[in-house]
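See below for the structure under consideration.
Order of writing sets the chain letters: A, B, C and D. Residues in each chain are counted from 1.
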Amino acid sequence: MSHQFGRRDFLRAAAVTGAAASLALAAAPPPPVRNLVEMLRLMRKIRHFEEVLTGLYKYESFLSQGDIVGDMYDFASKGIIAGAVHLYIGQEAVAVGVSAALNPDDFVTSSHRGHGHAIAKGAALGPMMAELMGRKTGCSKGCGGSMHIFSKELGLLGGNGIVGAQIPLAIGAAFSAKYRGSDQVAVAYFGEGASNQGTFHEALHMAALWELPVVFVCENNLYAASTAAEITLAIPNVAERGAGYGMPGHIVDGQDVLAVYAAASAAVERARAGGGPTLLECKTYRFTSHAGAGRGQHNNPEELKVWLNRDPIALFEKKLRDDGVMTAAEQEGLKQQVLAEVEEAVAFAKNSPFPTFDEMPVTPDTDLLA
Amino acid sequence: MSHQFGRRDFLRAAAVTGAAASLALAAAPPPPVRNLVEMLRLMRKIRHFEEVLTGLYKYESFLSQGDIVGDMYDFASKGIIAGAVHLYIGQEAVAVGVSAALNPDDFVTSSHRGHGHAIAKGAALGPMMAELMGRKTGCSKGCGGSMHIFSKELGLLGGNGIVGAQIPLAIGAAFSAKYRGSDQVAVAYFGEGASNQGTFHEALHMAALWELPVVFVCENNLYAASTAAEITLAIPNVAERGAGYGMPGHIVDGQDVLAVYAAASAAVERARAGGGPTLLECKTYRFTSHAGAGRGQHNNPEELKVWLNRDPIALFEKKLRDDGVMTAAEQEGLKQQVLAEVEEAVAFAKNSPFPTFDEMPVTPDTDLLA
Amino acid sequence: MRELTYTQAISEAIREEMKRDDTVFQIGEDIGPVRKRPELWNQFMKIRTWQTPISESGFTGLSVGAAMTGLRPITVIMYCDFVGVCMDPIVNQAAKIHLMSGGEIKVPLVIRTPAGAGTREGGHHSGSLESWFVHSPGLKVVMPSDPCDAKGLMKSAIRDDGPVIYIQHRILHGMGKRPCPEGEWVVPLGKAAVKRPGTDITVVGVSVGVMKALEAAEKLAGQISVEVVDPRTLVPLDVDTILASVKKTGHLLVVHDAPRRGGVGAEIIRRVVEKGFGLLKKAPKVLGSVNTAMPYSPPLEDACLPQTSDVVKAIRDVLG
Amino acid sequence: MRELTYTQAISEAIREEMKRDDTVFQIGEDIGPVRKRPELWNQFMKIRTWQTPISESGFTGLSVGAAMTGLRPITVIMYCDFVGVCMDPIVNQAAKIHLMSGGEIKVPLVIRTPAGAGTREGGHHSGSLESWFVHSPGLKVVMPSDPCDAKGLMKSAIRDDGPVIYIQHRILHGMGKRPCPEGEWVVPLGKAAVKRPGTDITVVGVSVGVMKALEAAEKLAGQISVEVVDPRTLVPLDVDTILASVKKTGHLLVVHDAPRRGGVGAEIIRRVVEKGFGLLKKAPKVLGSVNTAMPYSPPLEDACLPQTSDVVKAIRDVLG
């Protein structure tokens, strides 16, 4: 019964090992060395892209003005990056591990917390940074913003501002692939909070019913905004919900990029082979606050300390050093390369013009000004 | 995997015995003789109420005019009962078995197929028949119709024209009972088709999370309109979905009123005692067509023949005779009493005036005519 | 000309477009004759029609994802009222993705939904919600009033590269056979039609409102010369044709099934008044249903819905 | 008078009503400081605030069921745009049950939702959807434009026996402290307020539109005398106060954040034209946002949303 669970159960449920995952799934061959280094590079790209943009976002909140009864999620930015920006820092292993198992033409639908999903799928930093600054050179010409990163050629079907809405979109892309007879696979990224949305239920069920080539990647970072999963999930593991749709559900260590890669490869291959969908629950953690580019206060500082010990980048770098794949010096070099790339992206964005109203990509016949 | 299921699995899944149910649940003490007779009376009330109203509904369909591509669910009635009327005939054991486990002040939310749920909870036939004829004396003053039977004093929170919408309403009534510190329990009736709606997922989950006093009664009659459950359910038993919410799910023989009663009593008592919600899947069958007061063609005539052998009324009458509770003559007498009651209800309705526009129960300040 | 019913015309358009374009398919509840589980996908693929679970937000979202990736879905919402459970994929996803993707991604999707009251189905099966969609930028809104337009507008809707809401009124399903061209017959989006010429008053009918306006015009023939204009599509709205008519008649009445309050009638009046205030000799009016949920009882439903006799009366009111 | 911010005023009203009536509670996402699982229900019960899973249609439906059975829920939808996932429990359940039950069952429910653009949050977090609700019979619609009305209207909304949609504009959250009466302070539903008297033109502002209208009026002070009318509630609409103003000024402009097409501005013009056609010296106009999804880029969002300078321009346009 639900009331028997406590925070400990949730933390224990979250403290799975990569072994569990590989146990649960046919082990995939480890990626070749080049890919291992590229995976680290992608993780660093995500991390530094977001660390740098944080400095460009001047957080302001009205929260103190109201109180718990009347407060809403109010904040703004007076920086050159505005609006609501949700950071992926701490979860990099998930997007990178999953993307390493995907083909360039596979599809991805993402959430409000989508920078990492986009970068891992290959999105260029310049246009992304430009989008966050609302520039004409942004990947959506400035019309999307942080929550709406699209790229047709990379199969990025967008972040989404509506929690759970991206899940049906992904089964639609999978439906399309199966209909067209292509071997493309679709991935839906969403949080544990989104697994309580009706769209999760409807989409997972239809995907199983029609054996669509889709992988559902639930990033359980233990929080939905400032709400702890333990008070909004009646069961400790979202993966258990797969059974209700006749779909396999697996728990994966979301801090271990190779464990994620192993689980994702098995699920993606299964989907590509016509075996139908899989639900992967990646246990992970958000190192910053929910929104406001990480500038709000964190939900639980003590808990954070524990999780910082499982920083996915530190863990992966150590493994690569232990396995003799890279030296500390090489890793520092890679970090510097990435930092330089991010600075370039910032410069590119800052030097880009803002779009004008007439440049907005609206369809002519929707009587814009009527 | 989903594709391994076939029709046989669904029929097998449907062919459970009362034993299975009592096995799954702490057996409840059988109801006293008086109640047994009252249960039979209620089953007959539902059956004859609907058999008689069918004669007052003149079915007309445009379906033949279009074709499978353009057709919609089109029909009308030229009789004194109009609109969309969905019959409960064949499923009587479910509503009666469940209601026998409820207190008068317990709550019920129902579906488009709600006559049986209302009658079993105690709704008077006259005002119900008057409602179906759109009369001023109808339980909703003619403003509701077949799909919207309400009774505040009986705790009937309405049928519903929106599949799945009644499930959250029921957890709201359960929430209210728990909040007010009353010992009321709420029941949500819905079909297997509704179990694919997002509201099912969201409502069952919150009920489990907050241990609300509610019982979810899924009437799996193997069809959603003309769509066979086997092509729209990825798993053969809806009951299996309870696990995804940390909620017990049980399969019940929906043609055996005592099996339903046993399962419902256990679930209701558990809810009343603060043990939280239960999902009951009652395997049953619709003896008539989906809508149009049973006048459309039936989905599957061969299948129907098989199920008619498990007519819940015939089964129960035989048991009552075998157990020496009633004689065939007494049962015939009861049937005649009920038929007379239904005729009275028809007469009452026919002699009732139609409501006038000015009698519509609208709130004065919503500028009706603005 | 060969005659078809309203639904036959829609079927023909869909069949012809399916032949013409492999990416066109239909998805929704209770459509298609599939009964057996084995080979589910192949059975659907054969008829290009997917019979779904009762999961509107799921399969509408699925349709959006399919439209984003190369297909042209026709998504059926069985009754207009049911969009209450799936507005998000329509207005937040389908309608906004084109702009939010910087114009990179198109969503060629048709949402087809029967609507309207008059069938005694009560509060949950009588809705006409076109004004919700008219107020949701990024959507086109189509409401054919006869088999001829039903076919031609369905073809345009399917071929359009953006999301189109195609609302078919249930009463029109039963209107009987009417002339309808065979084969290629396309009615462009954004072109109104004068369905009956007249000189004294312009009556703009929306969907079944056209039928009622024509009946009223017939009743008044000889006394009042009524011009009946059918916008056919509400987005884009061909306001010029309406203005041209008002220029001639100096009087305007809009007739629709939806509640008056906040209905498209108000929007049409805004557009006309904005550009043609000087053309109006008298106050324009909207005749819509009473601002209430639709009651089941036949006399109450009739009292709440505009009847042909109400149109006649409203025409006299406007002319004063 | 003591001053409060807009959200403080809302908080105070809710707290006072919770004290006054045991059946009042609040439910929604991410509200309330509850962190630990044990005794979940009791933690919520103590603060009369339920922090829900992300399940809008589920907890909104729950709220309707609770309202039908003796409670008075205040249901929070975090952003107005999210109602796309839960329109059904609002418009098909809460709004219609009173009629469908023959008047037997009341649904005293407040849906509280922050809305509006201007915060650079992009296409999914900028909506103002009041006209969907205005077009849904059975609902009342409240849009306070300052802390004083925010408190008084919240109290009326909570005490009302039917469903009330309470839309609070995010920009107003940041407007700073304003006078707001302490204790019992009730603003009745259906009474407009003249927020600034004038003689040349009537500007009806909706929500943040009032703020912009007042700023414009100030800019034009000395040249044009602008009367700013705040309907405060759109259903019921106090059209008489608007008509009285138009009678005086002969000119009408409506200002709102929502897209012009199918916005409440059109409805207000319909109402005024219907009863006061003769009072208008010039064509009335609506100033709303451009008919597009809201773009993120600050200069684009500013170009799509009515600014104070646009109100000034529109006032001059109407006066010609």
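Everything that follows uses one rule, which is that a contact is a pair of C-beta atoms (placed from the backbone, for glycine too) under 8 Å apart; a residue touches a chain by one contact, two chains touch by 3 or more.
Not measured: the values here are computed from a predicted model.
Using CA-based centroids throughout, the chain positioned farthest away from subunit B is A. Counting C-beta pairs in contact across A-C and across A-D gives the higher total for A-D. Taking each chain's centre as the average of its CA atoms, subunit C and subunit D sit 29 Å apart. Between the CA-based centres of subunit A and subunit C the separation comes to 40 Å, rounded to the whole angstrom. Averaging Cα coordinates per chain places subunit A and subunit D 35 Å apart.
Averaging Cα coordinates per chain places subunit A and subunit B 44 Å apart. Each of the following residues of subunit C touches two or more other chains: 40, 52-53, 55, 57-58, 81-82, 84-85, 88, 92, 99-100, 122-124, 137-138, 235, 261, 290-292, 295.
Residue positions of subunit B touching 2 or more other chains: 3, 138, 140, 142-144, 148, 160-162, 165, 196-199, 201-202, 205, 209, 211, 232-233, 360, 362, 366-367, 370. Taken pairwise by the contact criterion, the protein chains are fully connected, each one touching every other.
Interface residues of subunit A facing subunit B in the complex, by the touch rule stated above, are 1-3, 196-202, 205, 208-209, 211, 232-235, 240-241, 243-247, 275-276. Within the complex formed with subunit C, the subunit D residues making contact are 57, 81-85, 87-88, 90-92, 95-96, 99-100, 122-124, 129, 131-132, 134-135, 137-138, 235, 258-259, 261-267, 269-270, 273-274, 277-278, 280, 282-286, 290-293, 295. Touching subunit D in their complex are the following residues of subunit A: 3, 5-7, 62, 65-74, 76-77, 82-84, 131, 134-135, 138, 140, 142-148, 160-165, 193-194, 196-199, 224-228, 230-233, 300, 354-357, 360, 362, 366-370. By the touch rule above, subunit A contacts subunit C in their complex via residues 107, 109, 138-144, 148, 150-152, 157-158, 160-162, 165, 167-180, 186, 198-199, 201-203, 205-206, 209-211, 360-363, 365-367, 370.
Interface residues of subunit D facing subunit A in the complex, by the touch rule stated above, are 5, 7-12, 14-15, 26, 29-38, 40, 47, 49, 51-58, 76, 78, 81-82, 84-85, 114, 119-125, 168, 170, 173-174, 260-261, 290-292, 295-300, 303-304.
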